[in-house]
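Structure in structure tokens, see below.
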Amino acid sequence: MNDEPKKPGQDELPADEGGAETTPESPEADAPEAAEADDQAKAEAKAKAEAVAKAKAAAEAKAAAEAAKPPWEKLPVAPEDEDATDDPLVAALREQHGEAIESAFLCAGDLRVQVARSAIADVCRSLKIDHDFTMAEDLCGVHYPGREVGEFEVVYHLYNIPENRRLRLKVAAGEGESVPTVALVHRGFNWLEREAYDMYGIRFEGHPDMTRILLWEGFNGYPLRKDFPVEGIDTGSAIYPEYYDESAGPVTGTGTGWRPQPPPEPEPEPGAAAGEAEEGEG
Amino acid sequence: MMESVLELLGPELYYGALTPALKIAVLLFVGILPVITYLVLAERKILGYIQVRLGPNRVGPWGLLQPIADVMKLLVKEDVIPNRAIRWAFILAPCLVVGPAFVIFAVIPVGPPAAEPGGLDLFITDVNVGLLFIVAMATIAVYGLIIGGWSSNSKFSLLGGLRSAAQMISYEVPQGFALVAALLLAGSMSMVGIVEAQKAAGVWFVFPQFLGFFIYFVAGVAESNRNPFDLPEAESELVAGYHTEYSGMRFALFFLGEYANMIVISAVAVTLYFGGWYRPFPNVEALSFLDFPFLPAGLVAVFWFAVKVFAFLFVYIWFRGTFPRYRFDQLMDLGWKWMIPLALLNIFLTALFKLVL
Amino acid sequence: MTEPGSGAQTLFDLKEMELNFGPQHPSTHGVLRLKLKVDGERIVDCYPIIGYLHRGTEKLFELHPYFQNVPHTDRMDYVAAATNNLAYVAAVERLFGLTVPPRARYIRTLLCELQRISSHLLWLATHAIDIGAMTPFFYTFREREIILDLFEEYCGARLTLNCMRPGGQPFDLTVGWEERCREFIDDFPSKIDEYEGLLTENRIWKKRTVGVGVLDPDVAVDYGVTGPLLRGSGVNWDLRKATPYEAYGEVEFDVPLGKNGDTYDRYIIRMEEMRQSSRIITQCLDKLPEGKIMAHRPRVMKGPKVGEAYAAIEAPKGVLGFYIVSDGKPGPYRCRVRPPSFMNLQVLPEMTRNHLLSDLVAIIGTTDIVLGEIDR
């Protein structure tokens, strides 16, 4: 099923071209052999035309069969983006916030609105108050290293319970740029913003408690960034600076484990290990 | 043989020291300790059947050796005293819980006094202020819990100790009042006297004193920190309450204390309200086969006493299988707003009843 | 209990005690840590600290192809793996544009509702034991065992099911599974009566739950609280009804709603949800269509187009959403999980303020959190 003609439209195209090629060939043939050749060519052309017609019919039948098939028998078709600037909600938001609403798309029933970074709190507030998007469903960060409009993206999901409508807002932010907090609009975003900060290092301006949430306070790095190593980083020195020097802590996967030893008095082992590691690096 | 010992020691030492000591030894090592260890097994078994499971059944036939294994484990376990605990208080606390609970058994009659002088009394001593003695001793256990909770230097223990202090003090009041009413009815504070008074009245005191009994028993459940009043050691809230930091033998002592307390409360309830060692309806001749005339009278008395106590212990376990736990303030509400007024009313009615008759 | 601000407090120099509740505590349901400020037993402030179970699942999602990521979802809400699977595959299906055949949709609904029952049973067991009632624990585990057996028969696993694939179901129901499921589900409502007999009208149970941990509907919505917690406050939002997915549009069921938003209401709601789940399961078994269980898809699935998809379902604990960003590669570029427990836990300080320590465990129980999902 997979290797044979994939889509009926593609199937028809080469057949048509073949049919078109035969006709211009005939006038160029020589005179004496012309009649014979002509006959032959005609016969060939006829046969070809018949074949084309057959192929066409078969393709059509196939297409019809394909169309009659239930959707789960067909090959999947990924949903397309449609411009949704004329959506009443987007229009209303445009009216209120003007240029802050940068673009809007509709994809598989999800409305997606790109909002300017500085306006996100205001947009959320007006959505909550005027448009009933009261439910703070989700907030997350996405990292696009090297993107022009800003390396990070914060994605908000809001839900309108009476109308059963979901709205996705997106904000772009560069490295070191902070996004106005929406934790004061929807209190549910409080922890979610902390998580985005924890995972991506996106700062939220005005957030009441901008601390790490899942990782510990001393953690060095933002693990969901694309440049964060998958195998993890050395965390020994981050938690136990008095025991471990930089990059001399427990190494993941070695299985040796570690024991906190009394702080160094007579030349302790960890210090020696640290020295070795440093030498190795140098 | 007994005569020669009597001659050797003289009657004073013999009756004053040797027989009580022997009785205590028998009571402790044949009576209470095995009963407690097997009570734990019984509790686990009964709870098991309430909860559609089997309970312990691996150690020995039907798990009968389980208590021994438990005791061995607790004895052998390392005994940890937290670094910053107050050492002497930490060690003292479990003793304060267990000691008084055992001492109370001294005045509880498991059987009748000797028929002829020089015979065997089936109790260690019959003090004429037995009831007061019990109340006084029961109060001491509170100190054990408070000291244990406080000396552990743990916040959960402290909260457990505080809870137990508040709970036991507020439930001792209605319990005392309930006892007063029974005492009014019996006209005696001696435990043996109360049992005999019930026989003389021809009716268990639970019938005229139903309210009193109810208050006594509910307060008793609260006193012994059992469900639904097990707040001081509420495991889901305070980890293990006042004994969070205890382990090994010291924990076992707390454990022992709790179960000894259960038995004490049940035994006192039986003595006060359910005719002590007598069979049901001791004055009805038609039921005299319940006295099992072919058996020694003392044995039958102990049998009936034990049956009644075990019935109460079963109720304890049944509670545990059925009820959720009260909240602290609700417990106080119940104690001060309901139990105490009811207990006072009970005293009043009993006194009135006495006066009219 | 002294009312806050009653003036009585100013008489003494009251010092609040700081109490660390967890992460090793019998009733924090895992490794939740609460920093409590208590005045005696009254909770003045509560600050949840989470992350002890953080395993970087969202990072892991980025390392594997779409079709190999399903087992990761099992490990989030590890007592309700089927619904996790469903949420993930629903998002992937939306991204690829896959349509699921009807039989697979029904099987999914069956599995999810069984999972809901099993999750609620576990909740009831732990909630009751938190409040001090020990026995319901064993009763509910008796029934949960049967459900887990059904799961085991279907997919070979009892907890980490891995029982769904984007596009359909990996296996058809085994022979006799339907009968065994029907046998269980016919009997199940009487079992619910048994639990309710122990608890619903129990005076102590009512005293411990009525009026405890009241959650205002506005506050609940504002905090993004979902699931029985939200419906207990009377907000009618159940994604099974609001945006029917799988076979939920084709079966009849009611969404129970609470009035007071207290722990007791939420208890009643979850009990009723179990009954409704068994109703759904019965209907699914009746209507179960024949046919394929997997959508047609190429043997080797190339990556989807550059794009994104968000799919949310009603998991036993609330709305579980997956937000997947694709960059055209065979694996997700970013896979975000919207865990219901995370949002439900966030409201805990609001619910516990000025309650007693004993109420705290009741409230933790009623939020029905699973730390595997919160920390991911």
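For reference, chains read A, B and C in written order, and residue numbers begin at 1 within each chain.
One rule holds in what follows: a residue touches a chain if its C-beta (ideal position, glycine included) is under 8 Å from a C-beta of that chain, and two chains touch if they have at least 3 such contacts.
Keep in mind that this is a model prediction, so the values were computed, not measured.
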item: Shortest contact path, chain A to chain B, counted in steps; value: 2
item: B-C compared against A-C, more contacting pairs; value: A-C
item: Chain closest to the middle [Cα centroid of all protein chains]; value: C
item: Cα-centroid distance, chain A relative to chain B, in whole angstrom; value: 70
item: Centroid distance [mean C-alpha coordinates] between chain C and chain B, Å; value: 45
item: Averaged-CA centre spacing for the pair chain C and chain A, given as whole angstrom; value: 27
item: Residues of chain A defined as touching chain C within the complex; value: 2, 70-79, 81, 107-108, 110, 112, 134-138, 140, 142-143, 155, 157, 161, 164, 166, 168, 186-192, 199, 212-216, 223-224, 228, 230
item: Chain C residues touching chain A - in the complex, by the definition given at the top; value: 50-51, 54, 56, 58-59, 63, 94-101, 167-168, 219, 221-225, 235-237, 242-243, 292, 295-299, 304-305, 307-310, 312, 319, 321, 323, 325, 333-334, 336, 338, 342-343, 346, 375-376
item: Residues of chain C defined as touching chain B within the complex; value: 1, 17, 19-20, 25-27, 40-41, 128-135, 137-139, 142, 198-199, 202, 204-205, 207-208, 356-361
item: Chain B to chain C touching residues, read off their complex; value: 47, 50-53, 155-156, 159, 162-163, 227-228, 230-231, 234-239, 320-330
